[in-house]
Amino acid sequence: MAVADDSSTITKPTRRSATHTRLWGWLLLPPAAWMFIFFVSSIVIVVLLSFGHVGVGGRAVFGSSLENYRALWNSTYLTVFVRSLIYAVATVVCCLAVGYPVAYTIALHGGRYKNALIAALVIPFFASYLIRMYAWSTLLSDEGLVNTGLKTLGLKDGIRFLNTPGAVIAGLTYGFVIFMILPIYASLERMDLSLIEAGKDLYHGPFRTFVSVTLPATRAGMLGGILLVFLPALGDFVSAQLLGGPGTYMIGNLIQQQFFEGQNQPLGSALTVVLMAALAVFMVFYLRATQRAERET
Amino acid sequence: MTDLAGTGTADAPTQETAIRLAGLTKVFGSTTVVDHLDLDIGKGEFFSLLGPSGCGKTTTLRMIAGFSDATEGSILIGGTDVTSVPPHKRPVNTVFQSYALFEHLDVTGNVGFGLRRKGLPKAEITRMVGEALELVQLSEKATARPRELSGGQKQRVALARALVNRPEVLLLDEPLAALDLKLRHQMQVELKTIQREVGITFVFVTHDQDEALTLSDRVAIMNNGVIEQVGTPEDVYERPRTAFAAGFIGTSNLMTGTYEHGALTLAPGIAVPVPGHAELAEGATASIAVRPEKIWMYEFEPHMVRIPGTVVATVYHGATTQYLVDVAPSVRITVLEQNLSRARNEDRWSDGDRIELGWKPEHAVVIR
Amino acid sequence: MAAPTVTADTTAIDVATPRRRRRSVEGKPRIAVAFTLLFFLLLYLPIVVVVLFSFNSKKSLSAFQSFSWRWYEQFFNDDQLISSLKASLFISSVAMVGALVLGTMLALALEKVRGRPARAVGTVALVPLVTPEIVTGVAALLFFTGLGIHLSLTTVILAEITFSISYVAVIVRGRLAAVSGEVEEAARDLGCTAFQAMRLVTIPTILPALIASGLLVFALVFDDFVLAFFVTGVDPQPLPVRIYSEIRLTISPAINAVGTCMMLVSVVLIGLSLVVPRLFGRKDNGLDLLSGG
């Protein structure tokens, strides 16, 4: 292979002259402007409105009070917050428990079917999330296929699946497990298999080898998967809506209510800010964890 | 700081100057990668920039091509100052190390790319592309896509694509580095032949000294951004001017010591005679370099310089045998002997033998 | 002066480590394989059920009577649903184009422009990928209503583009990174200005990534519910939003028919995006583009 030469590895950036960067800067302008206008400023509006209140005629008005946040500090809301966190964590755990073995099996035992298997895995996840949740709600409902089957098998009253935390978590897992599988699969693919062989010599046993060799090597993939599952799961409302009930409502459902039924946009904004704060906290932990992982490799 | 462009008749180009670099400097942040280079490259020369990784040879090439702006100094191509001219307007073309073929075009499309940019008529382009492909012997692959080609074939397309534009100078950035040995040797021969045929000035960057010696009309050895020596391959090999130049090409067998009474004292009691170098000051530190093939181990001629040594290792290379001989503590000489007889290894010298080494005084090159 | 060189012209013995083929390192463990198969079963079960019961002649989702097209006929005769379908297709097309243009510009610019402001833009462009749709939905809603913009298909399109730029940027950047910088220099060496080089060489070379990400965006936007739900107007509504209320109220194979059509569109698109790059003869396929992020 070619020998790496001096200038190609040294600071590519400083090769660019100032005019050069300025020219290409024009290319950056439209997308940057778009993102700023439609994304950044809209997020800012949410934060600002959270300090507002409902004015005359039901319209949302900007303000500077913490009223909305104080309103959130009560048991109803706090229960929902805690519940959402628990559901999201549970979803991550389930996705790991389900996703890792699947990723592992395909990566290490897929052989020449590997790509086909991954494709077969990916395709269903691009069918509408809504439709898939709907499908499960019909399957698991009291009159649904599963219960009909169970009743014919003798279970007279069937099992109540829907409107339980389990259903919501299962729905979330079903919806997001692909985001756990793909990163883990990618890091397994990048892993040097001879490490496992070496590990088997050292650790005398497939389980210990797995824990001591494979698991650490896929840490980056797992962290990526955890991020990609936790964040959307925390903010989800479709699963709780279709598979759960008021007793399983998450932050997402509350937010949706405030904007569509309650018509209290400032309060909804405050709820959204709380959600964003939770996400930001998680991101910080995630970034620290990945930095630590990078330092250790 | 080097200015070897005009030192000695062996260095100056004998034809019209194709490229003149004057005080060419490139600084990246706080590192000076190319340090005030002065160089003249003659028209029609096959000129190599040779040096280790990081010596600045590729940066220099990129500045000539125009991909890198010079921090200081100027570049003249064919007498015209092109220092601030953008790459697409310079009369040079480059053959890249990674071939850099356009994946979305076939071979003909690739080769004709530069011609189309110039706006030449279609018929003309077709003719020129055909000629270029014939030159690199790839006519039958005219409609192939880059992904279908082997490394050697890709390299030839890259060459054709550059040459078809009839540049004043062709720049080649380690073009053969990614090829396996046999293919590399084959391509070296082809490159040399093509260069002779088209007569275009080639500036060839490489870290492989064999390649540079084989292909070049003249070589510039670079190190740390400066040119250590410029000359024909023979000049550079037989008459190295610096310790680096001596050591970079082949083995130099550099012996350093204090010059006293016509000999270099390498160590207490061990002195190597260096007759005929009265210019050296008494007591000064100096070095001599003697090429391995110039050192004899038997049947010495009368005026040879002789020193004793101990054989440390013997390495058989089929046509030759290499001996490592210690003549002083931490002074190990490499000797290359042709295997002129069919004598078996045991009949030659073996480890531990006390022997004498000898060379003709004129074969010892003094390096200050 | 340098010390005498100790050389060994002896060529080092080249120990070549044989490249290991990725074969199983253990015998295929049956539990893992069974588990994976079960997973695939559960994965496809709801989809199969939806499709199956869309052909049910009886209005039931638990008992299959006989094959019938009636629900599809109902779907295609329902003006509101058809207008929603058309609306969704329209939204997806426009959003695809918008996201492709802006996302590609972003990817190209990030490759060229260095410095902190550029890096900041790059990071901001990735944030939508990890933001739950409800947050972007709320933000978009407040943005439009705050500015007094009437909610309509246009607002949906604008919001969807914002969300989709990230996908395009990530995928195209991935492909750009694989294209050697020397290719663009070669174009300039042969007579292109910097912009010509981009137009004539860089963009054609990243075309597979453009196609793959375009198809991906189309599929994602077509199926998107949450974001559209927040910023849609009253009429027409994108298809997922339209059937959402149906889903909450009734259980009918009519929804299955609509759902099957939606899934068909998505599956075809995603299948194409995985396959098309391969047609360009790349060694990498769409999967690498999509999952290698």
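Note that the chains are named A, B and C in the order they appear, and that numbering of residues resets to 1 at the start of each chain.
In this section, a residue touches a chain if its C-beta (ideal position, glycine included) is under 8 Å from a C-beta of that chain, and two chains touch if they have at least 3 such contacts.
What you see is a predicted model, and the numbers here were worked out from it, not measured in a lab.
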{"item": "Each chain counted as touching chain A and chain B at once", "value": "C"}
{"item": "Chain nearest the overall Cα centroid", "value": "C"}
{"item": "Maximum centroid distance from chain C, chain identifier (CA atoms)", "value": "B"}
{"item": "Interface with more contacting C-beta pairs, comparing B-C to A-C", "value": "A-C"}
{"item": "Chain centre separation in whole Å, for chain B relative to chain A (CA means)", "value": "57"}
{"item": "Approximate Å spacing (C-alpha centroids) for the pair chain B, chain C", "value": "51"}
{"item": "Centroid spacing, where centroids are CA-atom means, of chain A and chain C in whole angstrom", "value": "16"}
{"item": "Shared interface positions of chain B, touching two or more other chains", "value": "67, 97-98"}
{"item": "Interfacial residue positions of chain C with respect to chain B in the complex", "value": "1-10, 180, 182-183, 185-193, 196, 201, 204-205, 207, 281, 283"}
{"item": "Residue numbers on chain B that touch chain C, as the complex places them", "value": "65-67, 86-88, 92-94, 96-98, 100-104, 113-114, 117-118, 145, 147, 161-162, 165, 243-244, 247, 251-256, 285-287, 313, 315, 317, 322, 324, 330-334, 336, 367"}
{"item": "Residues of chain A touching chain C in the complex", "value": "12-13, 16, 20-21, 23-25, 27-28, 30-32, 34-36, 38-43, 45-46, 49, 98, 101-102, 104-106, 108-109, 111, 115, 118-124, 126-132, 134-139, 141, 143-145, 147-148, 174, 182-183, 185-186, 193-194, 196-197, 200, 206, 227-228, 231-232, 234-238, 241-242, 252, 255-256, 259, 265, 268-269, 272, 275-276, 279, 283"}
{"item": "Complex interface listing, chain C residues touching chain A", "value": "20, 22-26, 28-29, 32-33, 35-36, 39-40, 42-47, 49-50, 53, 61-63, 102-103, 105-106, 108-110, 112-115, 118, 121, 124-125, 127-128, 130-136, 138-143, 146, 158-159, 161-162, 165, 169, 181, 194, 216, 219-220, 223, 225-226, 230, 240, 243-244, 247-248, 251, 255, 259, 262-263, 266-267, 269-271, 274, 285, 287, 290-292"}
